[in-house]
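Here come two complexes built around chain A, the first alongside chain B, the second alongside chain C.
Entry: the complex of A and B
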């Protein structure tokens, strides 16, 4: 079995501003992101042979008809991919498979979500009947369990969490497309209203609207496109799906996510990465909650178990530190329009690797990693992208 | 660009009975179909490297977590594919891309839907807010428009439609897994209550529960499995997505489906088929309504425009006729558990090509075609499978 390395590359990227986009429809968002990506690649809409679109909620869109209709790209295959918070990155993965298969050589991966119009103060319920197996609490309730266990096991506290929020908001304050562009103080985080103890308002990412898109092709075709000298390589992509009800597992300890651990291992193996801390230059890590980032950092092998809290405090994962995490501002500053997030992270990675980041540019970035975690810690996706010369 | 031919094969298949399965849950259905397919292939669950599951409605299941949880296949990637009535066949397509890419060499394509528990007398509404673009009438209302136009243009009438129902119910009466296993008389069809004129009760397929699954691998690996001598080749697979609101197109004539026409053309080109009538031995064609089968037959180039009605009446598309269509009984007899249907058709094709059909066996079947049409005539998928020796 082989990965994508040297077979699949990113030829162009685009994304909308993320935020409360009351004046834009789903159509507006997808069109803006995709046509920006097409323009960035120097590819005509009619050259696209297939598309995959990450959408979580059916009020955002249904089936392949949604992207086909919005983009006026009729006649080709379009697939809606829904995989919890990894929907966007799974759309990307399937698009990469399409190119690696040799069936297509110019495809679109995109994602979007329009959450604000729903009038909900948190993620709307999925609706419909469910089996006993599928009952689960809202996201803050689930991740609060991970936080309280981490407090107990690692000695972390609300300040440990607050440091993540302060770091990511400092980063995001520089990013023109972020939902929240204001640095915040630790005291503000600590004093914020509690959503689900110990997670306060600044420990949680926000509801948001947005869309992001990538044009994916072969290295051969990329050489005749706009980014012929700086197209970006897909070094690895792995998804791992675990149980939807971890709390029913007697051995589950809530201080790590098996899906992230496994997706990380698989991705490192595919990319030939032995020492992620030394080989990876920056990371976009799923920070739907501050605790999520801390645990995922550890699960991805970016530090020892229990060290993430201290290292965040020391600036190790800050811009300018040893291994910057969420230099874009992360979900904390962008919000989390579910279907869009994975694709947005990959847009950030691509632009960083091309030396044209929006917001803070990581110096001499050669390899970047993006990570999503979705469901009840159920599905994790890890993508590793590399500069043309790695 | 190349297709799947000689790179992707079907190693095993399984499916549940379709029907009102009040005593079975989604879990039961998926487990039954998938483990039957694994057993048929002679493959252990742990050998599966990735899976794609077609599910339309979120009350049936969400994300990759649903199949992973139900099947207890943790750690690997699972993707939920939702693409209207083509969801199952699109799951199959993505699984084929996975194998053709060389990233995997043993994967699962499956589909399921549990519609009966919803208490609805037709397909449940998708729920959620929609844009103006996404408003559409229920399925019988849409296909009735095609029927009335066909009456006008081709001179068809309710008897023309009834012949399709009689044919398919005669076929399905022989199939042990069909929802409806009773032959019906033309008079019954004509006298049945009207759902949406001219479509009466027997012109519409039923609500149903069911699941189907396929194990997909490379020809190389298939040679060491149970069906080493009669694994089935994927000769072509194409999906074409068109507008979700055809009635807004001034030139749309309602006597054919551009998505079916295009998917057919693409699939024939991939499979190297020049004369489908001569080269294809049998067809599973989307017959959500009797009118749908007639128009799709024409769109697939299986007869001249306007001839389908007459040819059905003459037995040309019946078992024993020149080109049998829906020898399984089709959606008319199986009902249409959306996510399952495309996979079920491919199970039928596989077993026919292996000479072990449930129900009526087409004599010396070498090449079979399966077709879905979904949404507002929006998405069409066509898969062509071939016997080992073609």
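Entry: the complex of A and C
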């Protein structure tokens, strides 16, 4: 298998401010993100040969027609990609495949979600009429099941979770595009109202609007574009899908995410990474809830099972620590406009690798990893990007 | 000879003291307490509980008839009993009937069941009387009524009591009524109900029975009788010359209340629970006339049975902390209704696993799974499954307590449960104190009404803590 290395690169990136953008529509958001990316790459809209857009909810937009309509990119193939919280990163995967296959050499990967129009109190329900047996808790409830079990097995507690929130909020306080730009204290986290036990308000990411976009091309074409000296290489991209109903799976242990473990293994193999902690400089990791980040860190092989809580507390995963996780502030500070999040992380990775991060800049970052986990721990996506000198 | 093979009882967990109800309205209050069904219970879910209690240790596939007696049927058009029959696992060929609209339905059901078995058209018929009695707020009925269900299994084998005879009369009278559009029970004055609708009819039926059978009332061990209020019942004892303390089966007014169609059957169950062999028991049920039945216990009455029965159900109780909680359970207060999504088509396709709580065991790797799948979770074998009836007991593997659904009130626990004997299910918890939820907690799986997604009643399973005496 050839993979993506030396065949697919990022020529330009763009993203909106994330937050409660009551005054903007999804059209406003997508147009802003995509035009910023086009401008960053130095590419005209008419040069785009195909597009993929991550959209989770039908109210944000159905089909590739929605993004094509907003951008007036008529006549080219455009596809809506829905794969839960990995929708944006899966749109990116499709774009990379388009270039790697040789069918295209200038494509658009983007994602958007407009949640605020549906109200800000939790993710709207999905899907049509269903079986009475399929009773779903709200998203925090799903992840709380993993938290409760992890407390039991790893000996973690609410403070273990709170340390993640405090770390990411400290990071995010430096980022101009974040939804929340305020450091918080552990006491505040612990005192916050419970949403789904044991997860309190600060253990959960917010409902936000946002959009992000990337221009994908070949290394050959990138050399004649704006970022000819610092385009960013796609080293690996992998998606792994596991059960939709972990609560019915007779063997599932609720103390880790098999989809993350597998996507990590696939991506490391593609990128030729043997020792992720030594070879990767920083990580943007899905932290829809504090427990999600802790378990994902372990599942990505960044520490031993059960050690994530202690290492977060010791600053190992903080900015300036051994392996910074979510220096942007993560979903905890950006919120989670579902379709946009994966692309937003890749924009963050690209800018970090180019030494022009909007928030905290990781020094001499050469390789970065971004990860999404969607559904009831169902879909995991891992992308590894590298500077063009690696 | 036809008779009673088994009986079962269900009282909801919660009790509300009559003093509390009286205090809310500034009204005089009666003695003791009444049962209050939880907000996710109705006459169907309670009938399931009583039916399960009655069939404990009995193969449900041998039951070829079900009569569901109620005045509070959840469905007005569409039969209710098939839901109960499916949950209990009765064969598809069973005779399944709703008997509604009269408080006498429980007695009529027993009469019909006996006649069907006697004639040879059925072998074992389960009669379940179940009611949630919704009364007007600030009324005496609010104190008088209780919620509950009683099941009686009639057959010709393993009898604990023989059906010796019965006597029935019909008498058109407006004692207690509820028109098609009424929410609450109406009645003229108590005196009319007591003197003519209740006492006159019951006394006439019992006297008819005595004459027909030649029994001596003085020798009858117990009279189990329906009633409107307990004073009227005492009056009957007096008029029949019975010793009320010794001969009236305690109708459990002070601990349960008047439970509608199940009232006389509850008196019967209570009488059977303490009866000795070779005793005569009369059951009388009124409603536009009356039915009087004569039963005689057999030697088997003394054999221990695995049921909760009256005694077990009386012990399993929890005080409701306020009248407001009762009003919320009965939906007497206005609250936003949670919108569920459900499809009648999918319900029909899933009915066996959904209502029957049936899962499957992989014949390759042995893993029990639920709901039914085509490809095994563990070994990926395709279509190599045998159906298994899942145990209704298990332990919490992990859980969360959902404050979003509850809107900030008591959180709803969601539990991943490993069932005894295999199978993992995911259910919300009811009849519980959320503070007590923890990993490893022992649970029972109970049948409840989740709501009205898709415009129909979404019956499904929940879990509740195994009852332990405080």
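Basically, the second predicted complex is superposed on the first by the 383 of 390 C-alpha atoms of A that agree within 3 Å, B and C clash if a C-alpha of one lies under 4 Å from a C-alpha of the other, contacts with A are read in each partner's own complex, and residues count from 1 in each chain.
Criterion: a residue touches a chain if its C-beta (ideal position, glycine included) is under 8 Å from a C-beta of that chain, and two chains touch if they have at least 3 such contacts.
These numbers were taken from a predicted model, which means no experiment stands behind them.
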Three-chain arrangement built on chain A, chain B and chain C clash or fit: fit
Which of chain B and chain C A:318 touches, first, second, both or neither: neither
Dominant contact partner of chain A by residue count, chain C or chain B: B
Contacts of A:65 with chain B and chain C, given as first, second, both or neither: first
Touched partner set for A:292, first chain B, second chain C, both or neither: neither
First (chain B), second (chain C), both or neither touched by A:141: second
First (chain B), second (chain C), both or neither touched by A:243: both
Partner chain(s) touched by A:218 [first = chain B, second = chain C, both, neither]: neither
First (chain B), second (chain C), both or neither touched by A:195: second
Angle at the Cα centre of chain A, taken between the Cα centres of chain B and chain C once the superposition is applied, in steps of 10 degrees: 80
Partner chain(s) touched by A:74 [first = chain B, second = chain C, both, neither]: first
Partner chain in contact with A:350 - chain B first, chain C second, else both or neither: neither
Minimum Cα separation, chain C to chain B, after superposition on A (Å): 6
Set of chain A residues, in rising order, touched by both chain B and chain C: 127-131, 133, 243, 245
In the complex with chain A, residue positions of chain C that touch it: 341-343, 346-347, 350, 353-354, 367-371, 377-378, 397-405, 411, 414, 416, 422-428, 439, 450, 453-454, 458-460
Complex contacts: residues of chain B adjacent to chain A: 1-4, 25-27, 49, 57-59, 61-66, 68-70, 74-84, 87, 90, 93-94, 96-98, 100-105, 117-118, 126-131, 133-134, 238-245, 258-259, 262, 374-376, 378-379
Complex contacts: residues of chain A adjacent to chain C: 122, 125, 127-133, 135, 137-138, 140-141, 144-149, 152, 193-199, 243, 245, 247-251, 254
